[in-house]
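Across the two complexes that follow, chain A remains constant while its partner is chain B and subsequently chain C.
So, the complex of A and B:
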């Protein structure tokens, strides 16, 4: 019968239309600003710099002292659209491992250029840069407003735990492992130094005894 | 020449075998002037920034010249000036509907260049993601085709409803809905959790219902048949000579699917059939996409059942700062739109010496004039929709 196919199609749309009054599954859209869908954990948009709340070294505000970034400039080099600009500091500060490291005197990301590819996160050996989930970033100033400096980029580790809990737990475990390794090394070095000092002292005593 | 004679002249010009590869020359009859129309770039039928300069004799298309290049972003030259890794997110932006297959093709080319091995689990993940990409691409291609036919909204919205579920899966695994940037040389960036795989199984279990729904909604629709059948015929000889690939080629009856020909990845382990058309028209191209979705669902079910544990990254693989030995490699896969290939030449440096993309959209578009000549102007939109292009890939 001519028109049978059309009627079949109409029955399908009618089923969907009527169903949308009864079944929540058939309602697939939400009224965005008022309603929001649950965030997905792996979501990424723009990078931010992680700082640890406990001050590591030196003065200044908490975010500046606790930045994990050591200004190695790998992310700047690897960034495909080249939206990161870093200036290395002249002096060094102690990091969480007790090693003297540079810090970024300037760290800018132009998020109007950034394409959220997260290659900076992947190449960072210090777990210092991570992806944010904040997407409501519209501003009236398209140049200055979208060029974020290090104060705007710095966010605490607790925030990172809030937005990517699984990933952040892994990162913390990794950092704790590094710290334990460094501590063990320091302890071993101290032990070795102490043992050497003791041996030296003993040898000295023996020589002294021999002379006497 | 009267208009009946003109039709006869056109038909005879198309029916001589030696003319199959040559566009028929249709002389205007001199009774009236040719009307030149620029369709697009603001015409709603054109995807992105694409324009067709059409010469019309009445309703009949005499000449058609596709004009593109407005979205040219220097992709290949940029690829030669940045490292191998840094090109990966740019490949997402070629065919932005199916970024994961673009990732795979590029990763395959670099893996051939460096000789890296891909672990089992990563191979399975790649197949799962590529087939999900194929389903969502074909669903939206059908939606766009129907939109161009005048079915304003319903089929497209149904397709997008399902596409959204697949994009949520992509977001859950890769962090982004469309710009996934997921595959790496020698594996995949992150592992899929058990929860993600369960979610994927749930979505895949719902997909046959969606294809059935589209089937009931469209496939026997008389208006769709009247508009599509016998329109925009692409002869197999021309399709082969023009280098057309993908669903377009298979709708012209040529059994050529790189998944079957090359067995790249692990496609030799899955049971699936290659649907072929035998009328070579727009309706065949539409039906091929419907059938391919069903085959993809079959592959997904097999892959999600068999996926093994293990690492997703070759432990020896270096992400950054590697320098492949001098040489060349061509990696190609069956992307949803056709054969997508990346050709790389290395001179031993950290950047490729030559980086070339073989885009299926551009090459499938080259036969647009041949399909449209002699057709009505209203069918041009339809034929164009059945090619299924993305301008990001055409212009690069």
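So, the complex of A and C:
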């Protein structure tokens, strides 16, 4: 009958209206500043730089010395909106593998340009740049305030573990594997050198004995 | 005690006017009434906007505004300050004079309508013999200011909105008037105070409101439909059509002029609800004779707010009509039914007291309503849209 649908609709909205005062599960609104829901693990917004707390080579504060970034500039080149700006250092310092590497003298990300695509994270061979979950970044200065420098970007590995635990554990395992490989290589090289030295010494001794 | 409470505003007016010399008293009395209307209804507007946002929120299982003050009660004040401090932009190619006049004229015209509404016993600013006629004459002039706004903005959306508004308001003006003519036929007067007085009688404690008669109920429903369309409220909000036309005829308005349009829309809602209350819901009379001790103005404003709530409820429920549905509905359904209602009202008058008139009048209306609905649905004038090619 004509008008039936309107009455049904009115009943529906009336049910909503009354129901919203009595059943809390109807109101799905999270009143944001006071109430928050924990972000899901895959949340991402802007990149940050990971540093390891155990101080590596080089001076300066912990965050500067511990940066994993070696200023290879792959992320800068791959970044689709070109929001990363890196200046390579003149000198080198030892990384966690004990290899001499450059480090970023300057590393800026313009988060007003960043589109949160995560390509920088995908391309980084050193596990140095990861995605953050911090979103309360509003500022009164839209140019300077949104251009984050090294110090603002650097965050400890523990923080990474806190926001993305599964991913961070995988990354740690990978780095430990690399480290073990490098150590084994060093050890093998040392062993080989030692064996060679011993052989040389033995040969020398034999020659000396022959002469005698 | 009851009389004091009932007549408190009238007594207040007399007391204040009493301080002036006798020659000034009539003018001062009228001015006081005007000030009261100009103060009360915008205050009610502020309250209604908040209630509407809260109510719509609840209908959609949201909370609604709750940030400014406790429960968001100070939201209207924040909105007022915002609209006052915003820049008033007039488009370069707009007709500046007409652009300025349109919102002012709208609000003035809408305010004039309140002059003849009886808001309580003896509480009417101008007790006109042809009050109803005056109300409709003034109400029709709002169409002019809507078109002025749309035309002077020199914007395609404004003009489209204004054209829709004029087409819609003229179409629905006809059923609006015809549905109230039935009341005039029964009462025999165009005076709104007399219409209320005719309904302010009780049999066995029940009132003689016109909505409780077959022709009155049908008339009220059609009046409500036409009033919703006349005030450009959802589901008849095509002139604004925010998802299609930005804001329709007031797209190019900003700052306080925008607020005036907003005010005008709500004031129109109040005045048309007030008239509907007066015509069909017994105006300021109490719903049962034993409730007569509650002051009359409380009943009037209570019924007014109830109608406003129904407006909000409809807005929360119904989607917007298409232009052709709007016109079909007005000319092919509501208009014939209002015509029939005039006939039914006449029948009611001449069948005399007794049960026969109840049966006959109800039967005619129900049969015609059902038949027209069925035919209309079958022909596709109403009901869900059928797509010929895209299934």
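By our rule, the second predicted complex is superposed on the first by the 196 of 212 C-alpha atoms of A that agree within 3 Å, B and C clash if a C-alpha of one lies under 4 Å from a C-alpha of the other, contacts with A are read in each partner's own complex, and residues count from 1 in each chain.
Keep in mind that, in the parts below, contacts are C-beta pairs under 8 Å (C-beta built on N, C-alpha and C of every residue); 3 or more make two chains touch, one makes a residue touch a chain.
Since the model is a prediction, treat every value here as computed from it, not as a measurement.
Enquirer: Chain A residues in contact: does chain B have more, or chain C?
Expert: So, of the two partners, B touches more residues of chain A.
Enquirer: Let me test your reading of the model: by the given contact rule, A:41 touches which partner, first (chain B), second (chain C), both or neither?
Expert: After superposing on A, A:41 lies in contact with chain B but is clear of chain C.
Enquirer: Looking at the overlay, what does A:143 touch: chain B (first), chain C (second), both, or neither?
Expert: A:143 sits against neither chain B nor chain C.
Enquirer: Counting only touches as set out at the top, which of chain B and chain C does A:22 meet: first, second, both, neither?
Expert: neither
Enquirer: Once the shared chain is lined up, is A:119 touching chain B (first), chain C (second), both, or neither of them?
Expert: First partner only, chain B.
Enquirer: Just chain B (first), just chain C (second), both, or neither: which does A:14 touch?
Expert: Second partner only.
Enquirer: Which partner does A:6 contact after superposing on A: first (chain B), second (chain C), both, neither?
Expert: Both chain B and chain C are touched by A:6.
Enquirer: Scan A:32 for contacts with chain B and chain C and give back first, second, both or neither.
Expert: neither
Enquirer: State which residues of chain A lie in both footprints, the one left by chain B and the one left by chain C.
Expert: 2-3, 6, 9, 12-13, 16, 28
Enquirer: Tell me, which parts of chain C touch chain A in their complex?
Expert: 55, 58-63, 66, 313-314, 316-318, 369-370, 372-374, 376-377, 382-383
Enquirer: Taking the complex as given, what residues does chain A use to touch chain B?
Expert: 2-6, 8-9, 11-13, 16, 28, 40-44, 74, 78-80, 115-119, 122-123, 131
Enquirer: What residues of chain B sit close enough to touch chain A in their complex?
Expert: Result: residues 82-83, 85-90, 92, 154, 158, 161, 164, 168, 171-176, 179, 181, 189-190, 213, 216-225, 319-320 of chain B touch chain A.
Enquirer: Given the complex with chain C, which residues does chain A contribute to the contact?
Expert: Where chain A meets chain C, its residues are 1-3, 6, 9-10, 12-14, 16-17, 19-21, 26-29, 31.
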